[in-house]
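What follows is a single structure, written as structure tokens, with notes after it.
Per-chain numbering from 1; labels A, B, C, D and E assigned in written order.
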Amino acid sequence: ATKLTIATVNNGDMVRMQSLTDDFKAKNPDIDLEWVTLEENTLRQKVTTDIATKAGQFDVLTIGTYEVPIWAKKGWLVPLDNLGANYDVDDLLPPIRAGLSLDGKLYAAPFYGESSMVMYRKDLFDKAGLKMPEQPTWDFIADAAKKITDKDNGVYGICLRGKAGWGENMAFLTAMSNSFGARWFDEKWQPQFDQPEWKNTLNFYVNLMKEAGPPGAASNGFNENLALFNSGKCGMWIDATVAASFVTNPKDSKVADKVGFALAPNNGLGKNANWLWAWSLAVPAGSKKADAAEKFISWATSKDYLNLVASKEGWANVPPGTRASLYANPEYQKAAPFAKMTLDSINSADPDHPTVKPVPYTGVQFVAIPEFQGLGTAVGQQFSAALAGSSTVDAALAAAQATATREMTKAGYIK
Amino acid sequence: MARRITTTRRITATAGGWLAGFIIFFPILWMVLTSFKTELDAFSTPPQFLFFHWTTENYGIVQHRSDYIHHAMNSIILALGSTALGLLIGIPAAWAMAFAPTKRTRSTLLWMLSTKMMPPVGVLVPIYLIYRDTGLLDTHGGLIFIEFMANLPIIVWMLYTYFKEIPKDILEAARMDGATIGKELLYVLTPMAIPGIASTVLLNIILAWNEAFWTLNLTTVNAAPLTVFIASYSSPEGLFWAKLSAASTLAIAPIMVLGWFSQKQLVRGLTFGAVK
Amino acid sequence: MATKQSTTLGRILSAPSIILLFLWMIVPLAMTIWFSLLRYNLLDPGQESFVGLLNYQYFLTDPAFFTALFNTLILVGSVLVITVVGGVLLALLMDQPILGRGIVRLMVIAPFFVMPTVSALVWKNLLMHPVSGLFAWIATLIGVQPIDWFTNVPLFSIILIVAWQWLPFATLILLTALQSMDEEQKEAAEMDGTPALSFFIYMTLPHLARAITVVILIETIFLLSVFAEIFVTTGGGPGLQTTNIAFLVYAQALLQYDVGGASAGGIVAVVLANIVAIFLVRLIGKNLDA
Amino acid sequence: MGKIELVGVEKTFGSVNVIKDVDLTVEDGEFVVFVGPSGCGKSTLLRLIAGLEDVTRGIIRIDGLNVVDLPPAKRGLSMVFQSYALYPHMSVRSNIGFGLKMAGMPKAEIAQKVEAAAAVLNLTPYLDRRPGQLSGGQRQRVAIGRAIVREPKAFLFDEPLSNLDAALRVNMRLEIARLQNSLGTTAIYVTHDQIEAMTLADKIVVLNAGQIEQVGSPLELYEHPQNLFVAGFIGSPKMNFVTGAAAEKRGATTIGIRPEHVATSQTSGEWDGVVSVAEHVGSDTFLYVTVPEIGDITVRAVGELALKPGERVFLTPDSTHIHRFDRDGKVIVQ
Amino acid sequence: MGKIELVGVEKTFGSVNVIKDVDLTVEDGEFVVFVGPSGCGKSTLLRLIAGLEDVTRGIIRIDGLNVVDLPPAKRGLSMVFQSYALYPHMSVRSNIGFGLKMAGMPKAEIAQKVEAAAAVLNLTPYLDRRPGQLSGGQRQRVAIGRAIVREPKAFLFDEPLSNLDAALRVNMRLEIARLQNSLGTTAIYVTHDQIEAMTLADKIVVLNAGQIEQVGSPLELYEHPQNLFVAGFIGSPKMNFVTGAAAEKRGATTIGIRPEHVATSQTSGEWDGVVSVAEHVGSDTFLYVTVPEIGDITVRAVGELALKPGERVFLTPDSTHIHRFDRDGKVIVQ
């Protein structure tokens, strides 16, 4: 039998997939599956080291929209041409598909996709006499956050990511900055942190969090905010759409029945502050088991798989954000109140034109260049310092500008 | 000092001791408690101390989700293997340094320790490339070797300080009795040093057990020990505290039990000759 | 036993470990030095080119470098101070007639067995979290503003976690040393009418000197490369407040995949560690000999 | 002043009664030596007096004051330990002065007293060394210096010389004797060395299994041991004990005769034996003679005696020095 | 067979010359004792013979064969260490049999030899104990058992009795003497105990600072010391040395007279002094007498002598026992 070693991230949907592989085994008795399930950062390190050194330890990789275009360009991934007759590639949501393709070829199949949106507490809004528009502006968000903040009772108007990291606070802040008209680089790869758009973004963020955010925000990431929101400490939370299924799950959340959803806010500039991400399955170039690997990918990202999950675990637990057909399914709409909002959010993101002004890169909440992980983390540290109050906004921006200029020069983008 | 110990002193000392012990142990206790909570209870405020809904479902999920036994076996193989190799190479070296010292012995020992000062991440890529080319990635052998190398300085040093306590008369007596060096090591030194060797073994098992950098970066499936098992529970997406607590409890339980049962040995060995 | 024969044998027997360790040091080190002179990004294979000392220049002029250096020293120094002082106090306490001393000792040893990642996660999320953590709850209970640990005192928080992990180690060594104190000497001091505090200053502390030395030496070796705790809790932030050299090198190696830069950083770290080591050996070498 | 009285002192460790109802008076200025076999309770008794152990029962009076509830430091005694128990990290000067410093004496005064004590003990050149840099004898002197500088009511010594080699032991013994003589301080001294006990003591206390067997001056004990135990314990080489006919003839169960009180002859004598070992130590010759029906008899003869193993020899005990004991081992007074 | 010859043996540690050009012959079956002050090189010399240290220069012959390049095991010698150096983890039986096992002797034979050795040493009941469960004397016997069972060409003893208490020391001394006598094996024995040396040795080698001062039988050394060092070293209490007029009168720079060769009188004598210390040890009395212009003289007098410190006494050296030394400390032969 062929043995596939699959590297995967330990998010809920992936874990669920592992428990459903009997179905795959039944259909492909000659393929054995072996799982390496890791926390996201560790996984990324391992997978990257493995593929960059061509060590060939994995047959299927779980990677994100950040890696796919970079790696595809390097020829490290096998184009997925043999996903099978009834795979229906065209059913994939266009922004997601665009994020995973290079020159029209699909290099990774999306397992689940996500964008970001506003999650808010309907009960608190009602109490404050507020009504959340479907498409809020930042000013409305700030205003509402201040109104519902009740620090004495441990209720904070808004929870946002603050922990330093390219995939933590910078994911949120990059997306937010897009809606403020900011950009990381101009067409000549000159960093833009010295521009007013970034200053506005960061000032707004820091002030908002100071007035209406929870303590310790500078070390809060997705999980910390999820815990805060679920325990009723947050009035609003702007974060990944996958969170929707957690906050509405009565087993995990105290506020499951009080949550409302809205699109990520904008500033009237034509870009929303939402991102686009898809955890996807890909096959490393040089894999001797590419056929089997593609078979597996096809199974895991197919419509049938969605049905399989629905039949075993209910529609609410189906991996979201990849196929248009899912959102057309009335059963799914019924089971997932957040379905429409998720779809709208995803569709409003444009990885190829993420910003108001033109940029030389793709990627919504990241810049799809290899240097971004390091650079994003370094800048993220500066911004978290501004949030923590150990540095000013101006100082943080200046430091970010200096770091970015340095790194980009070193990497040879700036000649 | 065998004067009567007053009751007050005993009471104060007992109260103070238990308080300090409790405070230090508390994070672990809290972790264990959390592992029996639902995710919702795990972060509820005010915190639930004992009167929460006790559940073992986290352990069930952990067991179901990943192969604890497989990882635990790997941890055991790794810990024992690297320690055994360390003893095999370390005992003769420590013997030589303790009983046939040269002028350079002291600097050699310090040099050995200094090899531990390189941050592992700085040499990750070279090691990774070497391992890739020698086919050692994700093999027990490869992992055992690297843990062995990482701990060898500590092994040699501990054994050295321990051997130095053994009267060299006895080794000389063996020599007069006609024992060769090999037999001297086998029949006389090693049996006499059993307590010291035992504590060396223990410390190394603990170090190898808890080592998280190489084990994470050089393994995938076959040789993955419990550190990898843990790494699959600190999810950046989703609620995981109770499950992580359960996984962590499982991961440290064997070593904790081992350590507790043999704490006397451990204490001895840990002293690195600091105590005469 | 200083016969030619045994000296020769000694050389032969210590050779395997010395050679192995030498190779283990020199091969990666040589490769690292070589890489540090290249422009070598793991994500750009085949594009390596010789750039001389450029990587060093970048690493050393990185504004983060001096902060990281400073943080490393603060971290190592503070943890040493806390564990040594705390260890001495705890050892003194454990030396008292405690009922159930065995169990208390078990509780005190326990943190030593916990993996660094686990302890960092437990501390960060279950204890120190300013909203849902236990400390925050205690603070509200007694009516004070909960401390926002990782925002206001990030480095101190890391120090606290690391110190917690190493406290048992120090305590154990110091306790054993304490118990090895000569009974007759204690009695002599008793005959001299030494009050408890004087006894501690004039007898206990000097007696512990050697044990303290060992604690410092061993802990320093491990503390110089503290990494997991930082990675899990603060990611080196906010700002650079918790970035140490090991984390900086990590960022180069596993975020940027800049092998050249990371290698230069690694070499710098080795040089720094050896400076610290030389300093330490100077400081305490004679104490170890005795 | 330093009169020490023990009345009905008992000490139990757990359930073991180590000191059994001891009554003893040590007069001011007296030099008292405790001897006895290993484990008989010598050290324990000394430590009870020092206050390092609590008595289980009984009274200890120092200058008339019952001290059983006082801590060691308050009893005004100094102790010299077998292991010296010097403070290894302090200079000789600080070692000697430590007790005074603890007593809160001004520095200048301490310095002066330490100098004086050092002068007495010939330690002046070593005052700034650490104990580790001293020889055994010098260390012992430091320990003594530490004891005398506090001008205690009494010195307590627990086998202070047993870690020294033979030659040094002789010297230090003389020094201790001289010192105690000149200071006139009460001293209690534990040893299991015959010679030390005999040469140092004004009064020897023979202990056995936690009880006092006999108290008296060295010569009293040598000449008039009150029982078999004391007779066998005091004197070296050991007294010869003879039972059976030879004893009955003298109206005793056992008779004892010291080796130095047996006359040898190559022609005639009371007992007729064969030399098994002859040890010539220059000044003396020790003969081990096997006498049929009597047993092995040790004899101390003159140095130049030319007897060889295997030779026949006649022995005659000096009848004025024969000790007679009854069935219970008690001496029979004529 | 076990004749040991040392020719021009030297040993340097680093730059320190510890053994200087030693020539010595130990005849087969002889019992030779090395004595000398601490640090004079006794142990080192023994270890050179054993092969535990390399000689720096010179030849060591055992039965005519130069062994300097042979490892200890091949020299056919047995050694008994001061610390006994028993293997703590082995039973007495294994301890004694270890050497035979290493030599590859069949098990049955080992068992038999061990039993035999144990019987000789009264160790049979303890054969299955560990050394830790034995008393000091028993341990020492095991160490000896380990040495004899291998039927070596010679025994080497390095202060084997110094860790025992006085009474045991006497017994073990006798046992060793008997054993060596009956086995007839060559023995080299290091001690710093006078009595041991005098009683055990056929031949005593007096070492000082790495050199041999004198070799001879115990009585030879006692009666005819060839220099001041040997004169002062052999004999206890130490010989009195007198310089100045009293010596010149007898045509010497220094004269020596042993304490046992000085007569006391309360009425008249050659020297007139004052008793400073009188030690009564029962059988003897040692007087320390201060004689103006001559110095302190130690005198051994009869046991019952009733002289007190401070009393006047007259001393007369026995002229037949006066030793005369020249300016270089060499004896002047009449």
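The working rule: contacts are C-beta pairs under 8 Å (C-beta built on N, C-alpha and C of every residue); 3 or more make two chains touch, one makes a residue touch a chain.
Which chain is which protein? Per UniProt: B = Carbohydrate ABC transporter permease; C = Sugar ABC transporter permease; D, E = ATP-binding cassette domain-containing protein.
Every value quoted in this text rests on a predicted model; they were computed, and no experiment measured them.
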Minimum number of chain-to-chain touching steps separating subunit C from subunit D: 1
Chains most often in contact, by C-beta pairs: B-C
Cα-centroid distance, subunit D relative to subunit E, in whole angstrom: 26
Interchain centroid distance [CA atoms averaged], subunit A/subunit C, Å: 36
Chain centre separation in whole Å, for subunit D relative to subunit A (CA means): 89
Rounded Å distance, subunit B centre to subunit D centre (Cα mean): 54
Multi-chain contact sites of subunit B, meaning residues that touch two or more partners: 1, 43-45, 124-125, 129, 172, 175, 231, 234, 241
Residues of subunit D touching at least two other chains: 52, 71
Overlap residues in subunit A, where contacts from two or more other chains coincide: 41, 45, 49, 53-54, 154, 223, 227, 231
Subunit A-facing residues of subunit C, complex: 41-45, 54, 58, 62-64, 124-125, 129-132, 146, 148-152, 154, 231, 233-241, 243, 251-252, 254-258, 261
Subunit C-touching residues of subunit D, taken from the complex the two chains share: 50, 52, 71-74, 77-79, 81-83, 85-90, 98-99, 102-103, 146, 150
In the complex, subunit B residues that touch subunit A: 38-40, 43-45, 64-66, 124-125, 128-129, 132, 137-138, 216-217, 220-221, 224, 228, 231-241
Subunit E-touching residues of subunit D, taken from the complex the two chains share: 38, 165-166, 170, 174, 177-178, 192-195, 198-199, 218-219, 222-223, 234-238, 258-260, 277, 279-283, 286, 288, 300, 303
Subunit B - residues contacting subunit E, complex: 167, 169-170, 172-180, 183, 187-188, 191-192, 194
